[in-house]
Structure formats: structure tokens, C-alpha cells
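You will see subunit A twice below: alongside subunit B first, and alongside subunit C after that.
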Partner chain A sequence: MREMRKYREIMHVYIKSQLAWRADVVFNMLFTVAKILFAWLLWGMVFRERNTVADFTFHGMLSYYIVSSFLSQLEMSGGISGEISARIRNGTFSNYMVMPVSIEGYFAAMEVGVVLFYLCFDLLAAMVWIFVFRIQFLFARSAVVLGCALLMTVLGLFFMVQLNYFLGILTLKYEEISTFLMIKDNLVSLVTGTIVPLALFPEGVVGVMRLLPFYYVTYLPSMLFTGRCAEEAVRGLVVLGLWCVLMQWAIVVTWRKYRVKYDGVGV
Partner chain B sequence: MTKVREWQRMDNRKRGKDMNIIETRQLSKTYRRVVKREGLGGSVRSLFRREYEEKQAVRDMDFSVREGEFVGLIGPNGAGKTTLIKMLTGIIAPTSGEIQVMGFCPNDLKNDFKRQYAIVMGQKSQLFFELTTNDTLRMFQEIYGLKEREFQETKAYFTELFGAEKLLDVQVRTLSLGERMKMELMAALLHNPRILFLDEPTIGLDAVASRQIRGFLREINQERGTTILLTSHYMEDIRSLCDRSVVINHGQKIYDGETGELFEKYQRDRQVTVSFDQAVERTELPDGAVLVEETPYKKVIRVPREESGALLQRLMGYGPKDVIVEEDEIGRVVERIYGEGENREER
Partner chain C sequence: MKYYRVWKALLKIRFQNLMMFRLGFWGPFFVDGSLFLVQLAVFDAIYANVDRIGSWGRGEMILYIGTFSLINAVNMVVYFFGVNGITSKIKSGEMDLYLTKPVSPLFRLTFERMNPGSLPLLVFSICIIGYGVRAAGISVSAGRVLGYLFFLGIMILLYYEMEVLIRSVAFYLVSNARMEQLEEAGLELCMNLPGIAFYGIYKFVFYCILPYGIMATLPVQSLIGEMSWGTAAFGIAVVCAFSGLTALVWRNGMRHYNSASS
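Up next, the complex of A and B:
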């Protein structure tokens, strides 16, 4: 319990850090509003001539769009790898090493602080606009599916924190990790269908992608929240859970092996 | 209750004064760094065939510190002072040798170990610049597991000591360098560490702020029994604070003993300034004495310490109006200390 209070306070500090800049708060809310407005206009035009697109109704599509863009906006762990890498290279990573906390726990708490901040303000902005545009939000009706979606979102965000932490500490070995980060970003885009729609891939390739964790980070939870793909929920949780265990193992091994290479130069 | 525990802890520290709180044996650290020839060709060659060179930052260092000591680490840039501190705090792993701090092997990075020391680096901050010091202190309270009463008492003690009441609620980025250093020290000392490692704490500070910081450190060492290991390029810090000094050059210890003795050993000259009511054209000087400045009414003479008495006797013969005898300039003393290290290296 006492241990948890450390991380809760770290989380508070990062929420407070976000609140220090008022312009950031305002612009972030405006950005959320602009995205919903844009989606409403765009899909409004598309649905003027038809009732459904790929089995989605107008309100179903908007619901999916709002949830998936909301979840993508919450996934901000990319900064972790960059920060760890920069701090290892300039010697200020020592700041974390001298504190009696788990460094991974520190970064996870930091991420929760940042995400909670955006969650509150973005949720507020999204709800106001859903009300203004009278979007009939479509949610899954089954409490089990909703629970799975929620758990999958948390696990997915945690996995991304783990992955970015892992890539960050690889700096201890490789000194330069931008290639790893590029591979990760492209893989995430590919698996979540951002580069090429998943429907264009052969079934076998999509099957392989479903074994990767990225499919379950924002795409599947968004589908589950809006009442689709319920049959994939349990399998998704198992796959993602296994990836989290595997990643934690990789972090522990990498840290033990390469920690001694840290030379803290630059200061 | 908290007060009683605090006193018991102080008492334990005083009783433990004869114990070594830090001990190293044959401690060495070698860095490996990439060497690249200049130009594009050198960069391409380095892509296929990487060349490294080794730099030994600390060599076979035997070093110990007793609980409650205030020890100064002196040495020119690149001497190995900061590397030694990084090894003692567990930030970096030694290449060879033994190291024990408060019974722990520092590089195991155990939380129990980290709770018992603090490190302040003049060029590195632990504070959140966009938040207030109070916000950072609250986070450190939880990180170090301090009870509310203990936290409030320690904070009140340092707020009074540093005269920092008005600084706790303003954004750290708006503080001056001197004010920020006070806040850094406060954050570092909040959990009442047994050892405080200080790496250039007065770097960039003006004379007033440096003197204040020195005053705080003296009080923390004397009143709270905190063992302090200080590196500084400012000899005034070392001379006024540290009973013991360790001089390091090229990763090796070249002096370990009383600070007073160190300065005594290397303080070879005295500077005598003498002024007259009537013009004095020539003065006879003893062997080794050098005229630094000369006018008919004033002479400034540098003389070997052992000849200063003889010089004064001769000067008295001219009926001086005023005589000022000063110690050797501190910069010259430092040059000699480091110079001796260089000569040892060459030998």
C-alpha cells in the first residue's frame, strides 16, 4: 500500500505539470472538438446518399470514430522511449537511478498522470459535442464485453508503456534507437490498418497480425466498445496478457544485462 | 515520538563516528570510447571498422570515510572525482575493485540503500521546473516513505535554515540559481540521509550565495551528523568546510589528509605589502624574495615563508607606516597541488 502511494504521488505530479500550461489545456480541448466536427461533416456527406457503409450506420460510424480517435489520443507512451534514450545519452538518467522507486514504475505512473489529464479534458469535450450534434452513441450492450473492452484498453496502454520503456533502455546497448522506433511505428500503423486497410490483406496475414499485440491496443477495444467483434474479446485479452508477461521478462533481462553499461557521461 | 526517533538516529550517528561508512579497495573505472579520424573518410571507415580507446578514470583507489566526516574531493577537470561519486552512489558500475557504502554494494541499486543517501549535482536538477518546490517535496515525501509529521518537521527545519518561506510556492523555473540550489538541497535532505554527496554545489553562484550554501552545509554536518562528500573547484568551499581533503589527479589519489595540512604544505610564499611616509628608493631583500610591485612609497614583495621573518626585520629598519602580510594566493596553491600530481605521473 505504502509502495503504491509513491506512484500515486508521481502520477499527481505529472497531472500538475500538465495543468501548469493553460494554453495546452485549451488547445487540446479544441483539437478534440475539431476532430469530432470534422468527422461529423465528412461522414454526414458520405451518408447523405446511403444508409450504411461497410455495415456501419452514420451514428455507428461516428461512435467508432470518436472511440478509436479518443483511444489513439490516449496512447502517448511514444515519448517514454525518446525521453529515456535522451537521458541515457546525456547522463541525466541518473536522476531516476538514485530514487528508491522502480524506474519502470516511475514511467508507468508518469504515463498514467498524463493520460488521466487528457482523459478528463478530452472526455469532457467529446461529451459536450456528442450532446451538441445529437450523436446517438452506440455502445456494446453486454456488460461482459464492455468489461473486456475496458480491461483490454488498460492492458493495451500498459503494454505500450512496457514496449517504449524496453526500446528506451536498449539505448544502454545500442546508443541509438531511432531505427527501432521507426520499425515499431510502422508495425503499429500496419497492424492497426492505418497504412493499408486490414480488409485488403489475405486472411492468413490478418491471422498473424492478430497474434501481435498492436491489434488489441486501440482497434479491437474500439470495436468492442461500439458493439462489434465480441467473439474476439477473450482471445484478445489472453494474447495481450501474454505479450505483457513476455515484455516484462524482456525488460528485466535487458536491464540486468545492460545496466552496467550506463556511464552517466555528459554531466 | 518522531523527535525521539530523530535524536536516537543522531545519537547512533555520533556513536558510529569511528566506523567506516564508505570503503573502497583497489577501485578502478575504465571508460571505452569511440575514436574516429577526422573528415568524411574517417566517418565512413568508422562505419565499417570501429576503433575504441580506453580511458582509465579511476585507478586502484583505496579510500574510506568515517561516519560524520566532511570530506573534500579536489582535482582538475577529468581527474575522476565525479566518476568516484557516481560509483559510490551506484549510478555506474566499477570496472574492478571492491566498494561498500553503508554495508551495501552501491550498483545493486537496492531501495534500502538509496533511502539512506542523497546526491546533489550543481549542473543537474531533481526539481520539476514548471511546478513549485512544495510539489516536488510532496512527491519525495511519498518516495522516501516519510510520515506526515516527520515531513512537516523536516520541512520546517530547512525552511527556517534556508530562509525559504517565500520560495516554496513559486514555480522553480522562476527562481535564481542561488535560490534553486537551496531548494535542491532541501529536496535532497528531506529524508535525512546518512550521506550527502555534493558535486560542485556552488558552481555559478555569486559570493553571497556560495557563502550561504557553505553555512547551511556546515550546520547540516554538525547538527544532523550527516556525512558529506564534496567535490568543488572552489578552494574556498574545501578550505572552509572540509576537515579532510582527498586530492585526485589522473584517477589516482595524490593526497589524503587534513585540509589545513594540505594548504600548509603547498602554501610556500607570503606576500608582504609595506607602505612608507617618506620615499624609499631601494630595499635590500633576503634570498628568494621577489619585488612584485614597487613605488617610492609602497613595495609589494613575495617571499618564501621561511624568509618572511628576515624580510620583516629588514623592512622595520626603513620605518614603515603600515605592513600587511598575506597568505599565498589560493590559485597558486592549487596550481602547485595539481602540478605535484602531474610530476608524480611523469616519474
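Up next, the complex of A and C:
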């Protein structure tokens, strides 16, 4: 219980620190329009000549983009790997090592604080765009599916924290990982389905993606929230849960093996 | 001639500097290469489900991606890393050093951080364009190729001007982070969406205010024979207008520059 209080405190600190950057909040909200505008213009042109594409109607497609844009906006753990990498390289990672909390737990609590802060603003932005673009928003009606989608979203966010933490501590071995992180960002935007729904890809490709965790981070929760792919919900939770366990194992092994390489003076 | 010698010296220094970090040397190529591969995969997935987007088929879209990739490749090889530092140099007062040199500060800033590591991006982009031409089944004539190269050239200039213009805002404001965020959002949108998709207010914004919408669209339209004389004149007029604006903002900015207190 006392342990939890420490993490709650970290979370509170990060919620408060977001208030110092109010303009960032407003602009983050405004720039969520870019993805919706992309979908509106691209699919608007496509749906002028047909009624459905890969079983999506125009408003179904835009509902998907509203939810996936909202979820991808909430996923803010990308900075964790950059922060860890920079700290290891300049020798100030010691600041985290001397804290009386687990370093991974610290970053997870930080992510919870930031996500909680942005949650209502991103929700507000999503509602504004639904209104502005006059989208007939489709939403799942089954409480079970919604529950699964919510749980999958939380697990997905946690997995991304784990992944970024893992990539960050790889700096202990590889020293320079910034190029790799940028490539990762490009690929993640494709495989999480934030550019286009993965349902547009050939069945074989989707089959392979189902084995990867990214399918369950943004794409499947977005589909579940918009009332599709309900039959994949439970399997999705199991697969993502297994990936979280696997990633935790990778983190523990990597940390134990390479922690001793850190000498606190920078590389 | 003097500027050519300075350019050669800058390239030599930069090469020596880059070779110290050999893995990072190819970094921009891998990052941007992966970005455009992702785009190709995205449009391949879309065209697996639809025949045409507006008047463009799969081939035209590949050509569009290749052209945007080529404009970006020139940007990465020649000026991006130099121009990108303008904001921090204004804020830190480091611009003083550039004012004391016997060459134009903008010339030196533009060419001091060239990146030969991005050269494979040029080859990669030309391959995509070749593939696009083949997939679109375009009959390529000398006139069309010249038109394409002409519009490609002036759009590379426009891209450069937009980068300088946005970073020159730092001469007047404490922070231009929002402007750079706007640039990023506009570029991301227009890399994924050809100009033919814009209409009404969106067309005005992405053709006239943030003209990223015309950058790869006009060269492609000239190559596939879809460009009218009016569109060609409009494209040239936009580039001229932004050239004038960039020169004006940069010159006034330099006068406005107050060393470290800017």
C-alpha cells in the first residue's frame, strides 16, 4: 500500500506538470484534426463512387478514424525511450536509479498521469470533430465488447510503455538508438492501423499482424468501439496479455545483463 | 566563384564531421526510406480495395509518393539540417557568428550541414518514380519530362522557402514551436494526400497558405498530362509569391535581430 502511494504521488506530479504547458494542450487538441481531415478528404473522394470499402461505410470509416485518432493521441509513451536514452548517454540516468521506486514503475506512473490529464481533452476534441464533420458516429452497444475494448486499450497503453522502456534501456548496450526509434515510429503508425484500417490489407498480412501486439494497441480497440470484430475481443486480450508478459521478461533480462555497463559519466 | 569555393569547403568539413559517426551517417536514409515505404504499403492496401481515387489510379499515386520522396530527398541531402538550426541560432545568439562571415548568412546556413548519407534516398525515389510511370502506363515524351523537371525544380525551391520562412518567425517571436508543429502536420497530411483531393477552403489553405498540397501534385500532373495552363501559371505564381515573401521576412528579420536578446 505504501508502495502504491509513491506511484500515486508520481502520477499527481505529472498531472500537475501538464498544467504548466497549457498551450501544448490546446494545440495537441487542434492537431488531432489532421488525421480526421485526411480521412474526410481521402475517403470522401473514394466513397463518391461506391458505398462500401472492405465492409466500411463512409461514416463507419470516419467513426474508425475518430476512435483510432483518439487512442493514438492518448499513446504518449514514445518520449520514454528518448528520455532514457538521452539520460544514459549524458550520465544523468543515475537520477532514476537512486529513486526509491522501480524505474519502469516510475515511467508507467508518469504515463498514467499524462494520459489521465489528456483523456478529457482528447475526448472533447473527438466530440468536436464528430460535430464539425457531421459524422454519424457508430458505437458498439454490447457492454461486454465495450468492457473488452476498454481493457484492451489499457493493456495496449501498458504494452507501449513496456516497449519504449525496453528500447530505452537498450542504449546501455548500443549507445545510439535514435535512428532506430524514428524508424520504429514510422512502422508503428502503419501496424497499429492509425493511417488506414488494417482490414484493407490482404487477409494473409492481417493474419500475421494478429500475431503481433500492435494489432491490439489501436486497431482492434477502435474496431470494437465502433461495433466490429466482436468475435476477436477475448482472443485479443489473451494475445496482448501474453505479449505484456513476454515484454516484461525481456525487460528484466536486459536490465540484469546490461545495468552494470552504466557508469554514470555518459558515453 | 567565391560562393562555389565556400560551398566546397563546407561540404568537405561536413563529410569529415559525419564520418566520425558512421552508423548515424545513413540514419536519415533509413528513417525517410521507411517513411515512404510505409506510404507505398498504405496506398497499395487502399488500391487493393478501390480502382481509383478521384482521377488517379495506383500508378499515378506511386508517382506522387516517389515525387514527394524525391523532393524530400533533395531537402535532406542539401539543406534540411542547416535550415533546421536557424531557430536555435537566433534564440541563442549564435547567428552573430554568421553575420561576421564574408558570405551571406543564409547561404552558409543552407549549405553548412549537407548530408551525403541521404543520397541513396535520391536513387530510392527515382526507382519509385520509374515504377510509378510503368504502373500508370504513361507514354513519356520529352516535353512532359521537361515539364516534370521544371515543376520539380520550382517545388524544391518552394519547399526550401517554406522551411526558411517558418524558421524565420523566430526573429519576431519568442517561440515558433507552434509554427513548426503546423509545418509538420501540413507536411504529414500532404505526403499522404495528393492535391487533387482538396476542395473549397481546404484547397485554398493547402494550395495558397501552406502550399504543401501542390508540391508533388503539380509535377505529377505535368507528367501525366493532366495539367492545364491555368494550373501551371498558378503554380509558378505561388512559387514567385513565396520567394518574395521569404526574402522580405528574412531581410527584415536580420534587421530585427538583436543578438542573444532576440
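In this section, the second predicted complex is superposed on the first by the 210 of 267 C-alpha atoms of A that agree within 3 Å, B and C clash if a C-alpha of one lies under 4 Å from a C-alpha of the other, contacts with A are read in each partner's own complex, and residues count from 1 in each chain.
In this text, a contact is a pair of C-beta atoms (placed from the backbone, for glycine too) under 8 Å apart; a residue touches a chain by one contact, two chains touch by 3 or more.
Quick caveat: nothing in here was measured; it's all calculated off a predicted structure.
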item	value
Touched partner set for A:F27, first subunit B, second subunit C, both or neither	second
Partner chain in contact with A:S94 - subunit B first, subunit C second, else both or neither	first
Which superposed partner A:S17 touches (first subunit B, second subunit C, both, neither)	first
Touched partner set for A:A143, first subunit B, second subunit C, both or neither	neither
Interfacial residue positions of subunit B with respect to subunit A in the complex	31, 82, 86, 89-93, 107, 109, 111-112, 114-115, 117, 119, 121, 123-124, 126, 128, 130-131, 135-136, 138-139, 141-145, 171
Subunit C to subunit A touching residues, read off their complex	21, 23-24, 27, 30-31, 34-35, 38, 41-42, 45-46, 48-50, 52-54, 178, 181, 185, 188-189, 192-193, 197-198, 202
List of subunit A residues in touch with subunit B within their complex	2, 5-6, 8-10, 12-13, 16-17, 20-21, 91-92, 94-95, 97-101, 259-260, 262-265, 267
Residue ranges of subunit A in contact with subunit C within the complex	23, 27, 31, 34, 37-38, 41-42, 44-46, 49-50, 53-54, 176, 178-179, 182-183, 186-187, 189-190, 195-196, 200-202
